[in-house]
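Below you'll find a set of structures to go through.
Common to both upcoming complexes is chain A, partnered first by chain B, then by chain C.
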Partner chain A sequence: MTRKPFILRNPSVLVMLAALAVFTVAVTLMSQAYGSGAVPTSMVKVLGKTLCLALAAVAMDLVWGYIGILSLGQMAFFALGGYMIGQWLMYARTEAIVATSLAQAPIPPTPLELQEATASQIFGVVGSSDLPMVWSFAHSLPLQLLLVVAVPGLLALLFGWLAFRSRVNGVYLSILTQAMTLALALWLFQNDSGFRGNNGLSGLQNIPGLDGVSQARLSIWFLWASAAALGLGYVLIAWLVGGKFGSVIRAIRDDETRVRFLGYPVEGFKLVVFTLAAMITAVAGALYYPQAGIINPAELAPIASIYLAVWVAIGGRGRLYGAVIGAVAVSLLSSWFTGGRAPDLALPGYVVKWVDWWQVALGLSFVLVTLFAPRGIAGFFDLFTRRRESGS
Partner chain B sequence: MKGIDLGLDALSFASIYFLAAIGLAVTFGVMRVINMAHGEFIMMGAYTGYVVQTLIPDRTLSLIVALPAAFAVTFAAGVALERLVIRHLAKRPLETLLATFGVSIALQQIAKNVFGTQARPLTAPEWLEGAITFNDVISISTIRVAIFVLALLFLGLFLFIMKRTRLGLEVRAVTQNPGMAASMGINPDRIAMLSFGLGSGIAGIAGVAIGLFAKVTSELGQDYIVQSFMTVVVGGVGNIWGTLAGAGLIGALSKIIESLNPSNTLAAQTFMILFIIIFIQFRPRGIIPQKGRAAEA
Partner chain C sequence: MSALLEVSGVSVSFDGFRAINNLSFNIGAAELRAVIGPNGAGKTTFMDIVTGKTRPDEGDVRWGEYSRSLLKMNEAQIARAGIGRKFQRPTVFEDQSVADNMTMALRANRNPFSVLGWRPSPSSDQRVAELAAEVGLAGQVNRKAGELSHGQKQWLEIGMLLAQEPRLLLVDEPAAGMTLAEREQTTTLLRRLAETRAVVVVEHDMDFVRRLNCKVTVLHQGSVLAEGSLDHVTRNPQVIEVYLGR
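Coming up: the complex of A and B.
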């Protein structure tokens, strides 16, 4: 029997890519910059951000749904990616502003003067005027882009190596990952950590060197980039889990000890998957925060990572399209219900204001999903395809 | 002098962690269930204390009423959670974590809707308000002494229940081998329900104690949940002495790191968590690891 090409073996990948393409083209044609203007720029940004969250959810599905590590620290990598790109965005933009203001001076500023002025501009808010060590590469876009994947990747590698080699697993590992993100958040909250404490990095929506481009246009460009990243990440992970590698990691999820006795280096597989997922998540974060415009340590709160796990669980873990569906559906619904635009539900004797009660509904629906539909939304697709197969 | 003061501080910190974690030690240690809503049970206990105080103006009396009331409320909530959710997820511990997280965010929001976002006062009676002063350096507020006493009381009570009562015997049997316990006529479901209720009830009482010195808000539980888990994990699951050791270690450590760099409590917490992450490398099963067949589960 000849092996069918990758795409034919995974029709869901093709469907997902097609849906993504149609969605992107549709939003572009309805945008203010390139089309009819039916979708306002703020909405384009929300959609672009949602695509980034979906990519993070796909990576979460790889670590949780396929190799069985319930990592409650994925948002740490997401935010780190955002911080790394944010450093360049903020530095380069501030430098440009400082350069124009200093250009009026009788003597043109030296590079060192320019750097000092930029640093005091950025760090004045935390009472400092020196450029911290961690900003050494902030002037260079290629270096910071490298750091976007390198820093979270190294963190995941180090943390994973420590955790996996001492065979910490199950709920212990979950708690440990949660502790990791909490530690990182607390460290970033300090004013002298070099990342502006709880002010975070702001003004990220302005891309240096693209001052003439309107936000409407930029938002569409970012939507394209996010869609491309989601598509690439999806195909990469689908290809990875579709092959022999995928069989091994699923086996690790189901019975780690047995796989180890069969001679596979379980820790190595876990480490590769955990690090790769962290890097993909970081790329998603690096695309997310320029659209959000601001990043601060609150983004790393343990609860954010748990939400990511919740999305994957609701969508259906162990299925990549489930992760996408879960992330898109729940995050869009959440922003609609908490945005105050959802109509109030009038019960006899009490009016349910969704702004107040959405969290309750979300929490309870999550309990219901885990209890009654452990396969999540994607489980319904299974019902459909199974029936068709048995019928033919 | 400074050392003694530091030691007293560490002791009171440790007793707070111990109080917050002892309930978890029961649910997590006995049932291997991560209850993310544990922090919210602490919060429920604190709010119960607040409600009782609005009904009974006399503070001493209201505190005496509030402790059993908080226990009753959170015991009921714990039993309900066990029967409705956790029992059905017995074979899926990671999903229990997420389901109880759902309960946790729902409870938090309900508290916010009912009591508002403002912090509610839970005032200590006057005889708890002062401080015991030995000299200029060494002084400790009475309330911290009371919490220490409460923690000791709970340690004693817990040991008594586990070692000297029929319930404790059955709980220990179910922890070690549920199948064998069942064949000896113990109902594991009933034991699971009761121990879960007990752990939650203790969380409620811890909530009243914590509410006496901290602000009662809907996010009260969140501040303690990660530290409580750390305490249990560092100490070793399924062993009350382990929990005590874990609380002592974390309490002492956070005070020592804080005293080295008093201006920066955030850094202290960061370093403490880093220390714990590294500590687990060397003792993945905690200070006092569980032995025997139950340890392999």
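Coming up: the complex of A and C.
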């Protein structure tokens, strides 16, 4: 048996990368900063954010579709990634503004005075002027970038270790993950959590040190970064699930007891997958929130994580391109239907306003997909490739 | 002869029901043994205890040259120590190919990071091909396990057990649902395997046990009632009373 290189064994990876490249170039050429201007900057941001959501969906697919953990708390990791990068964005920018205004003073401010003035600017809104402990590294971009993966990674490691070790499975595990994200949200809501309570972190679209760069150009840079992250994340996860590791985790999904009797430490595999997925999700979040401009504890609401599961289910779990298709299609449709631009549907005797009815339609389509197309949208691709299908 | 597996004075109860009652059992390093007994005699619970699925309330289970206790180990550690288990119902990963199933079972480091770094090699491919040929699945390695017939799934599972290279093989009702010809093959295979390792077969079917032609342990109400050749135990009046005579 001779083996082809990884990329050739997985034509879907090549197709996905090509589609992503074409999409990125096309948007760039139609952007206001680098092209014709057909796509407005606000739309570029929506598209860039959608790529981040797609990356979170691919990680969700790894956790749910491949190893069988229906985690309904993935957006906790996404939001934590956002908070970690948001701390640096907000601190560095506020510090720069404060430094400029203090520069006019007769005596130049000491570093401590500068820090105190910055802190009272950031935390005045929650009635505090001290820099909380959790902001100790906020002055340093490299440190906060490290925290982007370290904090969600450690949370996932700790949570997973406790849950998997006690062999919590199925719906009980899903409920635990919900409880995790809810508890984290409630904690962040408190003013003394150190993350500005329900105000969250704002002004994240302004990148410190890049004041001269217009939002039109920044939005394209973030689109590029998001596309690169999605591409890298996709290749990494496709590589992970392609080999023997993928074989073992799918076996764990299908019959975890049997895998134990083969001698595999099932809990260890779950922990590795759950933690890795949390870190990838956090990177997606760290790219998402600078494009959104604001993050607050509502982003960790359990419903957000449930949406993520719905996207993956509709797209087709157990195949990575399914997760991408689901996230992109459903989240773009959602913002179109709820944005008020979708034409109302006039039925005899009743006018369907999509702003109100979209949620119902989404819920209904989730039920229909679950019942009639359990492989989701990606299942339709099987109709064309069934002959070559062999296990993955 | 020192025993490979030594079960001594083991008891376990579920909700007050004593499934295993002061059971002692030994098996040597290369031995074929049949375990028989009526329903509820504790045959499956016995396997569960040895493989770490069930913890006994009292007693001791020791393994190998150094008499390590199996009671402190989990299922995966026990499997890695060299105890393989074949379930009654064939359990293979239906979504994956025969080759993938076998590859997963091949003796190799089971640690997640080692598995991540594992790459197929000519020798692993060859080993999979050999095993497939041995269990009569030579032409089927690229088929999905879910497409195999019931008998073929049983064979695949036995192939996976062989890939693990266990020193002790626990086989739960291997003849169930097999045709006469398949039984014949199974008997030959089990006897050949027992030349190099210990094999414990739990079976209902007396004809099948007779064909195995090995030492028999009769379980009743969670403890050993009789032990010896099949002819010896079937002459035992107690055995006749609880199991054979009605």
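Just so we're on the same page, the second predicted complex is superposed on the first by the 386 of 392 C-alpha atoms of A that agree within 3 Å, B and C clash if a C-alpha of one lies under 4 Å from a C-alpha of the other, contacts with A are read in each partner's own complex, and residues count from 1 in each chain.
FYI, contacts are C-beta pairs under 8 Å (C-beta built on N, C-alpha and C of every residue); 3 or more make two chains touch, one makes a residue touch a chain.
If you're wondering where the values come from, they're calculated on a predicted model, not measured in any experiment.
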Fit or clash - chain C, chain B, common chain A: fit
First, second, both or neither for A:K244, with chain B first and chain C second: second
Touched partner set for A:L362, first chain B, second chain C, both or neither: first
Angular separation of chain B and chain C about chain A, which is computed from CA centres of the superposed model and rounded to the nearest 10 °: 70
First, second, both or neither for A:G124, with chain B first and chain C second: neither
Chain B versus chain C as contact partner of A:A309, first or second or both or neither: first
If touched residues of chain A are counted for chain B and for chain C, the larger one: B
First (chain B), second (chain C), both or neither touched by A:F261: second
First (chain B), second (chain C), both or neither touched by A:G339: neither
Touching partner for A:F269 - first (chain B), second (chain C), both, neither: second
Where chain B and chain C come nearest after superposition, their Cα distance in Å: 7
Overlapping contact positions on chain A, where the chain C interface meets the chain B interface: none
Chain B-facing residues of chain A, complex: 70, 159, 162-163, 166-168, 170-172, 174-176, 178-180, 182-183, 186-187, 189-190, 302-303, 306, 309-310, 313, 356-357, 359-360, 362-367, 370-371, 374
Contacting residues of chain A [partner chain C, same complex]: 1, 3, 240, 243-245, 247-248, 250-251, 254-255, 257-258, 260-266, 268-269, 272, 390-391
Touch list for chain C against partner chain A, complex: 51, 53, 74-77, 79-80, 84-85, 87, 91, 93-97, 100, 103-105, 110-113, 115-116, 118-120, 125, 142, 144, 160, 164
Chain B - residues contacting chain A, complex: 32, 34, 36, 85, 88-89, 92-95, 97-99, 101-110, 112-113, 222, 226, 229-230, 233, 264, 266-267, 269-270, 273-274, 276-278, 280-282, 284
